[in-house]
């Protein structure tokens, strides 16, 4: 009897809190979004699963000695995992379209306005009773507008680790929602004629240009914004391995096995931060609202900047490509292509949108560096 | 001369102990079994090699600062390596046959009787002079009957790390010996007519069922047996990645590169625990005997339960498939198929035996959870 | 304004030291050598990149909490990374040519004279004002003559970690320069007739011989030179996995994903030790000179030993193959083949040179063990 | 000592009961899953397999057979 | 509180200015790179692509067409 | 200083002697291995290579030649 008693006391049934039960549902919702709705499944599946594991009473996944505890300490609080993912993303990125049309870097810059406006918005939200974001927390929330997962996780783990769970979930969820969030904004800010504009074919880019570019980007970063070098540096390392042509086996490993292994662990560790105590709070609602605002402002700023650019350009520029400046590679570029095709069935904007799209990745890494320098 | 003197004193020749020499032979025997006899070579080759390295006098592999020391501390004493292997095994497991015939879960349950009977046997062995197993040690020994390597290593590293070497070696060796241990027991408990019974073809299983199953298993585990969630949870994560269909690159990495890397390290680390001091003891003999007993009882219990099931079943059940309940995937299922073919050359039991086979994996993870709850 | 001030103070522009700027150029030079000149790019590209990252003022890559700090502490100061690379190299090595012609082990032994002569030379260099190498430092410098990267990194990280950067760079650079350093020495020490000598075809080697060999090498090492077992042991483990034929998935992982992942990290970590303070010193010049001397003496000793062997041999021996004894696999063997073809267009020495080539790997691992035993 | 034996006996009993109880619960869960989700099993499983079957067995054999035949004709001619 | 708002406004301004300044610098760098290194772009990019194009599109279609035709002839005959 | 030189000389001598001694031992070991295990070398090595040789060189060339011939016949016709 005593043994059965011990067993019963070791079941979760009588130890469950309401909060844990709700977080299980949140985890299940994330799994549903990942599997059924295909919302960034590579991240949201492990995040959802990690959320469920972390909220099991008495299983101790998050306690010292638990699996998720180790993974988090080794990979997230050191910043190593998001940096390795960024290296892999760099190795997957083709800067060709950007190099062929460097002005699109301005679109990647404009879209970061979403980040900074949201930072301001988060601080303003403090006037609403119940909200009390610090400048660090506001910065971490704002980076959701960068539409770049590893950047958001890296910055948040430094500035506001207590918000890591909701911020990462918001970042990846909104990235998955880009096809729903962006088109209305894009259409509201452009006429059908503008959306139908065809752009000139991009010039071919030499291999040497592609090799020099990551080094130049690194060089400018280390000169002017050293706090951005962990992110930009690892991104450029991955890209250099890709383009150098002499270390293909390293580049392939960075793009495949290494990033896959790290993604599993990163997702689990991020999910482990989805605790009732931290997630089921008014702040989370604020974060979700602010994240949507950030994406919207970023999209709008990108489109408006593209319209401005078009005015001073000798060659035609379709303002839609500005929306790709938020990054969310390659989803945002695909959305641009789709909206362009709606206006003109012969108008293939995908390649033109890839320029601002990858510029947005650099742009948000730079924005993260700025935030680290100012409030870190 | 002094230099030659220093060199001579640094040779192992005059530092070797008898025990180390014998352990070298044990390591060589494991390599022989792995390479020549193909006994679970993926594990026994690194274990044998680790055993040899660990017993080199003055090389310091096991001392702080040594390679095997680091690997053990990082991967085994944290429990991370067996859990990652279990995730990979989950990603390799097809629960289709189990879902098509869920009653076979009972066979996976019955075969775990081998574990608990052995626990009792280990404690009884204390009446023999020279044996003095604690309840923790008896539980770790008993888990050999689970016929599941990572489960045995995970549980033993928590309950009785001092027995890790012999228990892991016994577990993998007996798994390799399944084709020799099981058939006599299977034949003794069945008639030729029973062994010749053909079973009905399994129904097709929908993808949705396969996606829900790991979540349901996780859910029941976390509700009723939280101590089993590290094992069951990682297993279900692997299986969910496999079946979700949206994270194939993660699933493939878990099934290949990640599990391979961890297997090399796990084997070396387990081998490093094969020290003369701990292995060359009467206990090891007891462990080997009890392990064989555990396998035999598990096999018998599985077969008997299958006979019982058959009595209450409307469709025919071949009692041989009960033997697959010990797990040892997929070896035990193949043995069932072979013994079935001997009785009836048209009788292909492989798919029917896969149900109890994977049920046995869950069953022993659950049994490990019970032991952790009761004596951990 | 204050924010802009903070930003400006956080730029590197006013924090750069001359030393850091020069080290950036050194890093860029290494990248140039890797990408444009194809100098051992798998290592020199990450090393060069790591060098650049480590010398960014205020980015803190090398400080506790920085990415390169973690990688160095986890992988280099523990010795784990070079050992894993050595395991992968072992899994890539075919000892067939060596087993078919075991006398070539003597060539691998002779070429190690470059190591020990350089040790003596490094100590003699102390008579030049400005040099003050300890015996540990001299030994670490001497191992450059082993022409084996992981061995050099492993030994240096134990004996003289402060010299790790320049020693690793010198080792890999000279390995890349083998086609330039070796031929003049080879030609100076041989006549055209000697270089034209054709050798008899090698006997086929049984699989069993290939399986036993790594175990025999391990056995002799652990008996007579336990300090060499970390290197030789991991090498033999890799080779055993390759030849055993029963663990192909482990062998392939060791040869591909695992070694690639570790190579990226190892290169970055080594590069992070290229700091102005340690690299821009007279010692580095000494190291570069001594490294070239070591390669040259090793090459000469190998060729001379081959001539000696030829005198006592019943079958013809082309003295060129002695040059391959320095290791630098497979570059040195290819150089031998090329120089042989110049003397006799029908003379294919590649397979004959592979014997001393892999013997050189074992030889320098043994030499490293000797140095560890005597000065470690 | 006999206390240890007693404890072991209790664990044995409690353990095997728990394992059975747990796996019986799981049987129930599987049956529920089957009832709720197996609806499209046949068609879904089939539709999933057909393309790969096409790719691996139908097209390839055709091609191989045709090439083989062409090869044989060439040899005979 | 209003101090925080003020700080946030300053960060917003300084941040977006810095991002623009930085990426404009990068545009300059890319243009310089283009001037210096793009010389052989057309030819180099072309020469890089041709072999793979050959391998993947020219040879393969030829082969496939030929095999296909051989197969058709075999079927017709 | 001269003490250091002396030590270095001793290490040089002891080191190269040890390396030679060790590798000579290994030569002995390899010769023993050759005597004991090389028996089936020829046949085993051969039998190991043949299937892959078949797969990569014999079958493939046959096939390629036959396909090539079929293609040529088709073109000529």
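By written order: A, B, C, D, E and F. Residues from 1 in each chain.
FYI, a residue touches a chain if its C-beta (ideal position, glycine included) is under 8 Å from a C-beta of that chain, and two chains touch if they have at least 3 such contacts.
Note that the structure is predicted; figures quoted are calculated from it, not measured.
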Contact distance in steps, from chain C to chain F: 1
Rotation angle superposing chain B onto its copy chain C by C-alpha atoms, nearest 5 degrees: 120
Relative to chain C, chain with the most remote C-alpha centre: D
Chain whose Cα centroid lies at the greatest distance from that of chain B: E
Whole-Å gap between the CA centroids of chain A and chain C: 41
Rounded Å distance, chain A centre to chain F centre (Cα mean): 50
Separation of mean Cα positions, chain F and chain E [Å, integer]: 43
Shared interface positions of chain A, touching two or more other chains: 3, 7, 224-225, 257, 370, 374
Where chain E touches two or more other chains, by residue: 11, 14, 18, 67, 70, 73
Residues of chain B touching chain D in the complex: 98-99, 102-103, 105-106, 108-110, 112-113, 115-117, 119-120, 122-124, 126-127, 135, 138-139, 203-209, 212-213, 216-217, 219-221, 224-225, 359, 362-363, 366-367, 370-371, 374-375
Chain C partner contacts - residues on chain B that touch it in the complex: 3, 6-7, 10-13, 28, 31, 34-35, 38, 41-42, 45-46, 49, 52-53, 56-59, 61, 65-67, 70, 256-257, 260-261, 263-264, 268
In the complex, chain D residues that touch chain B: 1, 4-5, 7-9, 11-12, 14-16, 18-20, 22-27, 29-31, 33-34, 37-42, 44-46, 48
Interface residues, chain A side, partner chain C - complex: 78-80, 83, 211, 215, 218, 222-227, 229-230, 233-234, 237, 240-241, 244-247, 249-250, 252-254, 257-258, 370, 373-374
